[in-house]
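You will see two complexes here that share chain A, one where it goes with chain B and one where it goes with chain C.
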Partner chain A sequence: MTPFIALQPTTLGDAMRLMSEHGAAAKVLAGGQSLVPALKERAVRPAYVLSLAGLPGLASIETDASGALVVGAACTYAQLMRAGLAGWHAEIGRVAANLADRSTRNLATIGGAACEANRRYDVPTLLVAAEAVLSLASQGGTRRLAAAEFFAAAGGTRLAADEIVVDIVFPPRSAYRFVGFDKFRTRVFDAALVNVAMSLAAAADGTVTAARLAVGGVAGAPRLAAAIERLVGAAPAGWDRQAIATAVSEEVMPPGTLATRRMQFQAELIKSLTLALLARASEGATATAQGGL
Partner chain B sequence: MTEAGHSATIDRTQKLVGQSMPRTEDLALMTGTARYIDDITLPGMLYAKVLRSPHAHATFTVDVSAARDMPGVHGVLTGADIAGQVKPWGDMMQDLLVGDHSAFALDKVTYEGQEIAAVVAETKYQALDALEAIRVEYQELPVVISAEKAILPDAPLLHEHIMYEFGDGNIFDRYSVRVGDIEAAEADADVIVRQRFTSNRQAGAALDPHGCVASYDSFSGVLTLYTSTQSLFMIRDSLADTLQLARNRVRVIAPEVGAGFGSKAQIFAHEVIASIFSMQLGRPVHLVLTRAEIFRVGTARNGQVRHVEMFFKKDGRITGYRDYIIQNSGGLSHWGNQVLHIGTNVGILPYPIPNVYVDGDIVHTNTAPGGALRGFGIPQINWAKEQLVDMAAEQLGMDPAAVRAVNVITRGMCPVRTPMGQLVDSTSVDECLARAVEEIGWAKLRADPPPFEGVGMSLGMKYTSCRHPSFDTDLSAVRLRLETDGTVTIFSSDVTHGQGHATFLAQIVSDVLGVGFEKVMLAPPDSSTAPFGLGTYASRAAAVLGTACRMAAERLREKVIAIAAHVLEADPSDLDTGNDRVFVKGLSASGLYLENLAGYSAYRTHQLPPGFEPTLETVATYDTPTEREAPDGSGNLSVTYAGGCHAAHVRVDPATGQIKILNYVMVHDTGTVINPLIVEGQHQGGFLMGVGMAMGEDYVYDDKGHMLNATFSEYQAPLATDMPELNRLYEIPAPSLTIPGGQKGAGESGTGPVCAAIGNAVAHATGVRFTALPMTAEGMLLALREKSRRGVANFRYPDDMPDFDGPFAYEDWPKPTGAAESQFL
Partner chain C sequence: MTQVTMTVNGKRVSGEVDARMLLIEFIRDVAHLTGTHAGCWEARCGCCAVEMNGATVKSCNLLALQANGATIGTVEGLSQQRAIPVQHITTQSLANVYRPLTAMASDKTTLHPLQEAFHRCHALQCGFCTPGMLMVLKSFLEENEAPTRDEVRLAISGNLCRCTGYQHIVDAAMMAAAAMRARKSERADEPALT
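So, the complex of A and B:
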């Protein structure tokens, strides 16, 4: 660790003001699960570290009038997994419950994961597939950015130097009939080698009206696969799952570009994970807890 | 009570050897009160940090002038500061003509992380700040990662200024075995199987880091080194020689050592650097390495490429073994050549193969130094040999278990001298095989496995300590002192770091001397008080140290009986010991307390027999009756041989390639077990390291020699969550006839057979035979896909992959450079 000045605002206004003064040289400390190890290794050397710990109201989970789920950026994974979220929102809790290890889940925050934007993290992929919107606050006001915009294709985020993510808004439960997330990791505490998240909207008879699928771990930001839109207009019985999974994989990782065995493996995993999600979605009719069609 | 047979209750009326005494060590470990190297703080202590090369192969010039002026800095060292004054080391352990290790690289580095300079300062952070002020200009050189490429004529040369006696280019030593007539065996063979197998680099990954505190007393001239090590005297003698100090002026103390697994069985540069700083400044110097440093410079398992052929008769008999090995021992090695000698000699067991022909080239590459690691070469050969047995079984149309049963040394054959020269004094490995077949449900699973499931097995034997070809000794020593209150202190230089010395040595002393178990204490390891011994490695503690302890206890018993006989006016042969006293046989509730006898010896010496020397200390050294390696590579290097059979039942997920161990059976012969609880723990830990080697761990390098996974978050060591439930451990004891107590080594038998057992099970489950370690989900899934594309039943991975980088057909195998007269090809 190298010396830095600790900034500990107690109101969001103070935080905004400090960020406008020092943001370019500052790092924001939430749960510290990415930042603190990097500080210890001297991998980052900020002049200022601004702690969110003293700010009120950043760790709430609420449903707004439209039914959208508003998750405070400083919500920990442990909070999310215990929140008892219903419908497809429960998938957010399942993702939170199944990453890293217990001590990390107790400290790490969903906003921290979004800002870290590590390609192997689960949160970015889920946010992109579910069309979550992030609220970015600065002294100039609050702007809202869709997750697919927030994550920069080359890696990192489009967060400005003076901005802080204050909350993440997930669409209402009525927006999708199914949201599923799956990933591959070697050991249970490892970050994912590949993760896939899919959201489906459907008519009452199960006919898909909108489909969206994001793949994480293979590029600087989660990649959307348009091939999943082939589901639109068909009910699960009419899906050619194998063909769609292959098309998703080949769109995200074209066969001619797989220069390493790791990439070949990832391409195979995208197929397998997509197939697993399609199976879950189509079998969900009998497993409502999974939010199927 | 587990199926391994240890009971939670201790019967105090019986001998303690053989019972599962709870470990004396565990309370301190479990409550966080144990003191490890990084817990040591001495008055006036300074902190040192090392500047390490970011390049794997480069020449350099270094300018430290700015660092000297940084706040808090007390000293800076580079290779130029010590050249000609501090002796290189590494010659003794590998029997080389000159030492090739040094505290700092002088002007060229051969692996990433090699020491360039060091700073000592008031705080760690000031030391780190000062390191950043050091300017180094590097001229990068071509890098060679692969040992197969390092032996090619156009490979970049690593150590151009060191003359290795048997070296050539990057080959720094060679190994050969010539036993029997391999050509006749080949000509006479009904079935020949051959395959190129590679094995991975693996870390010791002890959680307690490598590190030391050096404290030089400028008045007495004594250098005290507190260090996390497995061996006091190998460190002391190497350090004294390196610094040219008298050996009685160097004192080595080990604090609690949070494991080593072989990775702390040698002297390291940081120990020399801290010592030099302390001698220069007259202040204690703390130097503890980070995990990233330990991965890069703390030694790794030697990677091997084995080109193995085995010759069989149609009844399944193995008649010959031929192998050409290229061993990757990294940028420098401290034990690499010994790994190849001992691992190959012992690892060929449990088959008494009549014709053996081996050549090995031991090679430097721009990778982490190759060192000792649990199994010492045996897991590498077992991985190749035991898979070839399965491949032969298929060609022979025999059950793999049956082929093994035809060849294995049986209890009834013992004691037996094998063609390789091993004197196997006792074994039950044949019975272990039969038991494993039964416990895993071999017949049914083999004949009718569920989809993507399979069973495989591996047989292994393991040395119990070893007479290294490089130095002619295999001894351990114990000194016992009966204290004046009837307690007993054990002094030993063999550092306990997981083996439970304080527990099992106390069991031996308690049984022999009749002293209460709780009254026996193991003194902290300190070279100034402990007798000379080699250290704790090679599964030697129970058999070699335990025997020395038994001898010392018997000598102490003779002394107390002599005093008691005099006081009681009894014949010594009428006396016995027990219940903390010496008594007339049959009258165990009476007699003289050891406390009183010790008191006579210390404070009432007129009570002693005439002429009796009052001291109640005894010392015993046990040097095993092993042989030196013969010129043809044969010899009985180990005093006795533990052994066992492992059987794995696995399932492969065809969607992800993940290999799951559904059931794992370990049946071992560990001879007479002193403490079943400790032995089961050793087997479980051995298995864990075996699984790491089999399925995850490896040093991943880019083509510039940068290690890409030098953190515990990236390095794929198995976690507790990845382990199958290990409740299928069995012991079938065949007590050693050579070791007086019958015990055999336990620490490494759990590791050797794991890779091949899983490899054979995976091959049975999928038709994919891995030829390279580790067997990852990535490899599994790609191999399954390629196999199905080709529509073949059997597929070798990665040797059958189209983009495989390296020789894989028999015709492409390189000629060994080890022997000019080679008839290899």
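So, the complex of A and C:
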């Protein structure tokens, strides 16, 4: 590690002021599970490290008046998996429970993963598919940015130097009938080679009214696949799952561009993961938790 | 330099440290508890796992500053041991001792059920990963008293062992789980002191 000055504000106001002074030279430390390894490798050499640990209220999980789920940016995965979230929000807990390893989940935060925006992380893909909105606070006020805009296509985020992500807002339970996430990794503690998240809104009879699917691990930011919109207007019985999964895979990774074995494997994985999610959505494999379609 | 204070195994430890100091460096070099091993320094091997405020963390992957004011539990806190002060145990000093556990004055009755099970099941060979395995399994078994073998394997997915092939570690975890359940039900049977 290169030397740095540790900043430990105890109010959000102090934190904002420090970020406006030192933002460009500062790194924000939440759980540190991505930042500390990067510091050790000198991949980042900040002059200041600003810790969020002393700030109140950044680690809460609440439901607001509209039913939206407001997750504090410094919420750890362990907190999320134990929060007992209901409806499709439970999928957030399942994603958190299936990440990294026990000890890492006790420190790593959802906001940290979003800001790190590593292409192989699970959180960005989930946020984009579920249309989560991030609140970015700075001394000038708080702005809200949809996850799809927050992650820059070339990699990284659109977070300004003086901003801190304070919370992540997921739509209410009524917004979707089904949200599913699936990933492939070589070993259980590895980051995903490919991950896929899908959200479906449906009418009472199971006819899909909106569909959204994001694929992570293949580009700088999670890629949305428009091909999933073919589900709209059809009930699960009418889905041609195989054709839709193939179309999703070919849209995200066009067959002619697969230069390496790894890319060919990823294209296959996108297809099989999408198929698995479609099966889960239609068969109501998680009927008790999600209702199925 | 920053003042950092934490409670390690029930004892307050305080030190003036560099902002870059990692928790593992604090535990080993400031608190002088070398039971916690530093393996990979990149949060992969899990040898350095300790308990912080009741949850395990990889101590090489957080700054000592992040643990300021925290309650830390290390492998030394698992059982009463070393009644006879032993400065430094080496292979040589143990070579002439018929019962190494006696040399450490750590009677098996004072061992934590997990330590006892590791001993019985031959769940360690070189022993380098053992401190992390013990701490992670302790927190896991306290949360899940009757785990399946697969759940145990998932729980230690962040801990690498290059000797045992994990088989004996899982055996030990299952044995310890049974022992911990038995101990708990024994306690429940005891009449309450009035």
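Quick note on the criterion: the second predicted complex is superposed on the first by the 289 of 293 C-alpha atoms of A that agree within 3 Å, B and C clash if a C-alpha of one lies under 4 Å from a C-alpha of the other, contacts with A are read in each partner's own complex, and residues count from 1 in each chain.
In this section, a contact is a pair of C-beta atoms (placed from the backbone, for glycine too) under 8 Å apart; a residue touches a chain by one contact, two chains touch by 3 or more.
As the structure is a computational prediction, the values presented were derived from the model and not from experiment.
> Of the two partner chains, chain B (first) and chain C (second), which one does A:184 touch, if any: first, second, both, or neither?
first
> Where does A:262 make contact in the superposed view: on chain B (first), on chain C (second), on both, or on neither?
Touch partner of A:262: chain B, not chain C.
> Counting only touches as set out at the top, which of chain B and chain C does A:32 meet: first, second, both, neither?
second
> On the A-aligned overlay, A:63 touches which partner chain: chain B = first, chain C = second, or both, or neither?
neither
> Check whether A:6 is in contact with chain B, with chain C, with both or with neither, and answer first, second, both or neither.
Only chain C is touched by A:6; chain B is not.
> Please indicate which partner A:107 is in contact with in the superposed arrangement: first for chain B, second for chain C, both, or neither.
second
> Pick one for A:142: touches chain B only (first), chain C only (second), both, or neither.
A:142 sits against neither chain B nor chain C.
> State whether chain B or chain C is in contact with more residues of chain A in the superposed arrangement.
C
> First (chain B), second (chain C), both or neither: which does A:207 touch?
A:207: touches no partner chain.
> Identify the residues of chain A that lie in both the chain B contact region and the chain C contact region.
Common to the two interfaces on chain A: residues 1, 187-189.
> For chain A, which residues are in contact with chain C within the complex?
Against chain C, the touching part of chain A is residues 1, 3-6, 8, 29, 31-33, 36-37, 39-40, 49, 51, 53, 78, 100-104, 106-107, 187-189.
> Hey, which residues of chain A end up touching chain B in the complex?
So the residues of chain A in touch with chain B come to 1, 42, 184, 186-191, 261-262, 264-265, 268-269, 272, 275-276.
> Please give the residue numbers of chain B that touch chain A in the complex, ascending.
Listed in rising order, the residues are 125, 128, 655-657, 696, 713, 716, 718-719, 721-722, 776-779, 781-782, 785.
> Quick check: in the complex, which residue numbers of chain C touch chain A?
Where chain C meets chain A, its residues are 2, 18-20, 22, 41-44, 46, 49, 52, 55-58, 61-63, 65-66, 136, 139-140, 154-155, 157-159.
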